[in-house]
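Each of the next two complexes has chain A plus one other chain: chain B in the first, chain C in the second.
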Partner chain A sequence: MADFSFPYFYNYPPYFTLQPVRDTREKQVELWKQLILKYCKHHKYFVVDLEEGDFPLFANANIDRKLTYEAREVFLGALVSEGKAEWMDKGHRRCLILWRRIQDWAELLLSFVRENGMEDSVMTLEEIMSGDETRGSELAGIDRGVLIRGIKILEQKGKAAMFKGQATDDDGVKFSAH
Partner chain B sequence: MRRRPGISGLQTAAAARDQYRSLGENVAKIRTDLMKEQLATFRNQLEEFARKHKNDIKKSPAFRAQFHSMCAKCGVDPLASNKGFWAELLGIGDFYYELGVQIVDICLATRPHNGGLLDLEELRGLLAKRRRASREPITEDDCLRAVSKLKSLGGGFEVFTVGHRKLVRSVPTELNRDHNLILELAQVHGYVTVQEVEKELTWKAGRALDALENLMREGLAMVDDGHPDGKRRYWFPCVGSAATGTEAVESVLSSPN
Partner chain C sequence: MEGAWTRIMHSVQLTSSGRMHLQQGEVECQLVDAVDLDCEGGAGWTLKTGLLTLTTHRLLWLDEKGKKAWAVPLGAVGQLYAVKKSIKSMFAAPRMRFQAWTQRDGKLATHGQRVAELVLTLVFRGQSGVPDGFVQRFAEVLQAKAWQQKRLEESPSGGHKGAGSSLEASVHKRPTVSTLNPAMAGVSGILRKEQEQWEETDKNLHDAFQDLNGLMSKAKEMVILAEKMRVRLLTGQASTVEEEGVGTNQEMQDWMLSVGITSPVTKESAGALYHQQLSRQLADFVREPLKRSGGMLAMVDAYCLFNRARGTELISPEDLLQACTIWQTLDVPVRLRKFDSGVMVIQSKSQSDDEVFLRLTMLVSNGEAEKLGISAAEAARALGMAPALAREQLLAAEGQGLLCRDDGVDGLRFFSNFFKDINASTIFQES
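Take a look at the complex of A and B:
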C-alpha cells in the first residue's frame, strides 16, 4: 500500500485547535472532514475511537499537537451530518466512518459475486472479510457490521440470503445473484 | 555697461533689464520648442522601437522593464488605456489585464487560508505555475504593475511592505500600524504570543491582545492552544515560511471549490 501523504494543513499547528472565528472554523472543519475520509479509506479503517490516543490521525508527533475531544467530536459530527459517518453510541465515543456508502458496498459485493461466477454459491462472512477469495479486492478488510448491512440490501433485492452458522465464524450468505 | 547716476541712468538700467528679460524668455521659448521637438522625435523613435521589438517586450521581463522606464521618461503610459496606439500595437494592455485577472483569481482562492493577505513572492510562484503554458516569465515588477491597475478598479487591492517582505492585500480592510508591527514580528517564527508582542513592542497589557484578536477576527491569524507550554500562539498564514506557504496555497488552488 502506498504511503499516505498528509495535506499541508496537517503540519500547521493552529489547525489542531478549534478556531473561534466562524469562517476560519468552517474551512478547518471542511479540511479535517476530507482528511478523515481519505485517511480511513486509505487504511480501510471503519471505526474511530474518540478517546485519547486511539486514532493515530488525531495526533501529529512532528509538530507535537493533538486534537482535543471537543475538536474530534466537531469534525466527526460534521461527517455524521453529511451522512458520511454514524455515531455508534449515544456518548459519541465511537464513530463509524462510511467512506463508502452502504449501498455502494452492496453493489461492490454483487459485482464481485458476478465477476467470480459465484451467483449460486455460499460464503461465510469471515471468508468475505478476510479470506483468500477476496484477497486484494476492495472487499478485503470490510467491517463486519457494514458487510451485514450491505448484504441486507441485497436481500431486499432478492440477490442474497444470510444464514446463521454453528458459531459466529460460520455465519454466512447464500447468493442468488442472477 | 557703465552705471550712470540720475534718472537717465535708472532708465537705462530698466531698459537693460527688459532686454535681458525678453532675451531670457526667448531663450526659454527656444529651449521649450527644441524640447518639444526632441520629445516628438523621441516618441516616434519609441514607437518605431516598440514596433520592431514587440516580441522581445512580450517575452523578456528585463526588456519590458527597460521599455517601461523609457516610456515613463517621455511621459508615455502604455497601460493608460486598453484602446489606442500602444495597447493595439503591443497588446500590452491585454498582457497586464490578463495578469490582473489571474492575480484576482489566486487572491480569491487563497483568501480562506490567509485572510486576504498574500506574500508577493508566493503570488509570483503561483502565477508561474498557472502560466506554465505560455513561456513569458513574470517578474515582481509585472505583478506590481498589474496590482496597481487593479487598485484603480477598487476592491482593496494594494501592495504593502511588512519587514522584508511585500504583501498583496485583496480585501478592503486596511491594517493599522499596530497590526503591521505585529505582522513584522510574526515573520520571525510564523507566530507570536501576547507576551512576546508586549515585550518586543513595549506595549501595555491589553493592547497586544486587542490587536491580535482583531487580526484573528479579520481572518489573518489563527489561534493555537496546543503547545505544551500552554501559551496561546497566534499564527499568520500570510507570513509563514515560503515553503509551507506555497504548498498551502497550491493545495487551496487545486482543491475543488
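Take a look at the complex of A and C:
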C-alpha cells in the first residue's frame, strides 16, 4: 500500500488548534472531516479511539502538536452529524468511521458474491473479513459490526440469511443472491 | 462675522481639542458658562453666551460653537465696580462691570499707553447671582499681577525674584553674589557652592510643602528646578548630593512628563463644566503619551500619568472614565475603545484598525513568522505598543479572519489565516 500523503497544512501548527472564530472554525472542521475519512479509507481503519495517542492522525510529531480531546470530539462529531460516522458509546470515547456507507458495503458484498459465482454459497464472517477468497478485494479487513449490518440489509432484500455457528468463529451467512 | 470687538479684544488660539492656549505660567482660576461680554456705549457690541475663564493673566471668552476666543489682558483692567443690588437687578440676569483701558489703536492696553477707557459688563446668564467668589478672585488676580513676573532667572548662586503674590504667605529673598569671594574659589569652593544651592533647594521644597498656597506659587519654581535637573542629567553631570534622589535617565524622563501641567482643571474652578473641561484637558494631555506608545494607551496608564501630572487635585477613576466617554460628544482627536475582553484603551483617532491589521498581516507573512507565527510580545515590539494592547489587536485581527491561532507548547501564537485560501471541495481530490 502506498504511503498516505498528507496535505500541506497538516504541518501548520494552527491546524491542530481548535479555532475560535466561526468562519475559520467551519473551514477547519471541514478539512479535518475530509482528512479523517481519507486517512481511514487508506488504512482501512474503522474505529477511532479518542484517547490520547491511540489514533496517529491526531498528532504530528514533526511540529510537536496534537489535537485536544475537545477538538477530536468536535471533528468526529461533525462526521457523525453528517452520517459518515457513529458514536459507539455515550461518553464519546470511541467512534465508528463510515468512510463507506453501510448500504454501499452491502452492494459491494453482493457484487463480490455475483462476480465470484457464489450466489448459493455459504461463508463464515471470518472468511469474508480475513479469508483467502476476499484477499486483495475491497472486502478484506472489513469491520465485523459493519459487515453484519451490511448483511442485514441484504437479508431484508432476501439476498442473504445470517446464521449462528457453534462458536462466534463459525457465525456465517448463506447467500441466495440471484 | 467680524465685529467691533476684533479691534479691541486680543485674539486667543485654540488647541486641537478646543481648549484655549494658555500663556507660560498662566493658571486658570474659575470657569463660568453662558456669559455675555458686553461693551456699553454708542458703538457698543456684545459677545453672547460664551465660556468665561478667569486666569491669573487674562479674562478669556470662548465661543464654543464658532471656535473663536477673545481675551482681556488683566493688565488693561482698572476698576471693578461693585455688584449693585436693586429691584431692577432682581429681575435681570446678574452682572458685574469693570473698567478697561485701550491704547491708541483701540486695542486693550497691556503696558503703559493708556489712551481711552471703556466699560465692560459680564452678564451671567443661567445663574441666579454672580458666581460665588468670582468678584473676589477677580480682585485677587488683579492684585497679584502675575503677568508682570519676569522669567525666573538662573544665576550660579541661585538668586532670583521671589513671587510677589498676595496669595503667598511669605516672600523669600535671595542674596546675589557679584563680587569674587576667596571662600568660593577652587574645588572646595565649587563643592561649597553646590552644597549651598542644594540646601537652598531643600529649603525651597520644605517651605513649599508647608503651605498649599505657597505651593501654588512655588509650582513654577518647581518646574524650573525640574528643568535644571533634566539638563544636568542629559549633560552627564551629577554631584554626590544629587545622585541620591535621582534615578536612571528613563525614570527622570518619566518624571519630567509628570510635571508638564501647571494649570489643573479642578471642580472648584470649573464647577458644572468640570467634566467637559477635564475631558478636553485630558484629550490634550494624552497626545504625547499616545505618540510614545504606538497610538494606544491603556486606561490604567492614562489614569496614573494624568494624576501624576496634576500633582494635587487628583481625579477619580470614575471621573476619568466619564471624561473619556464625553469625548464622543466633543470634537477631539482621541477616542475611548472597549475590546471584547473588556479591556479599555485610549486610542488616537488617526490610528485606524485597518492600518494596524495591515501591519500585522505583513508581520506574519514575513520570513520566520510564516512558519512560527508571532506572539503578543513580538507583535508589541514590532508595533511599538504595550503587549496587552498588541494582544487585543491580534485578537481583533483574528476576529476579522486575517489571522488564525496556534495554542501549543510555545504559548498563544498567531499565523496568517491560511484556512481562508484553501478550497475545501478540491483540496483532497486526487491529482
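Points worth noting:
Operating definition for what follows: the second predicted complex is superposed on the first by the 178 of 178 C-alpha atoms of A that agree within 3 Å, B and C clash if a C-alpha of one lies under 4 Å from a C-alpha of the other, contacts with A are read in each partner's own complex, and residues count from 1 in each chain.
Simple rule for what comes next: a contact is a pair of C-beta atoms (placed from the backbone, for glycine too) under 8 Å apart; a residue touches a chain by one contact, two chains touch by 3 or more.
If you're wondering where the values come from, they're calculated on a predicted model, not measured in any experiment.
Superimposing the complexes on chain A yields a three-chain arrangement in which chain B and chain C clash. Within the superposed three-chain model, A:7 lies in touch with chain B and with chain C [touch as defined at top].
Once chain A of one complex is fitted onto chain A of the other, the partner contacts of A:103 are absent, as it touches neither chain B nor chain C. Look at A:64: by the touch rule set out above, it reaches both chain B and chain C. In the superposed model, A:16 lies in contact with both chain B and chain C.
By the touch criterion stated above, A:27 is placed in contact with chain B and with chain C alike. In the superposed model, A:38 makes contact with chain C only, not with chain B.
Within chain A, the residues touched by chain B in the first complex and by chain C in the second are 7, 9, 12-14, 16-17, 19-21, 23-24, 27, 64-65. Residue ranges of chain C in contact with chain A, taken from their complex: 373, 398-399, 401, 404-409, 413, 415, 417-420, 422, 424, 427-428.
Residues of chain A touching chain C in their complex: 7, 9, 12-14, 16-17, 19-21, 23-24, 27-28, 30-31, 34-35, 38, 64-65. Of all residues in chain A, those touching chain B in their complex are 7-9, 11-17, 19-21, 23-24, 27, 64-66.
Contact residues of chain B toward chain A in the complex are 112-113, 191, 216-217, 219, 222-228, 233, 235, 237, 240, 244, 247-248, 251.
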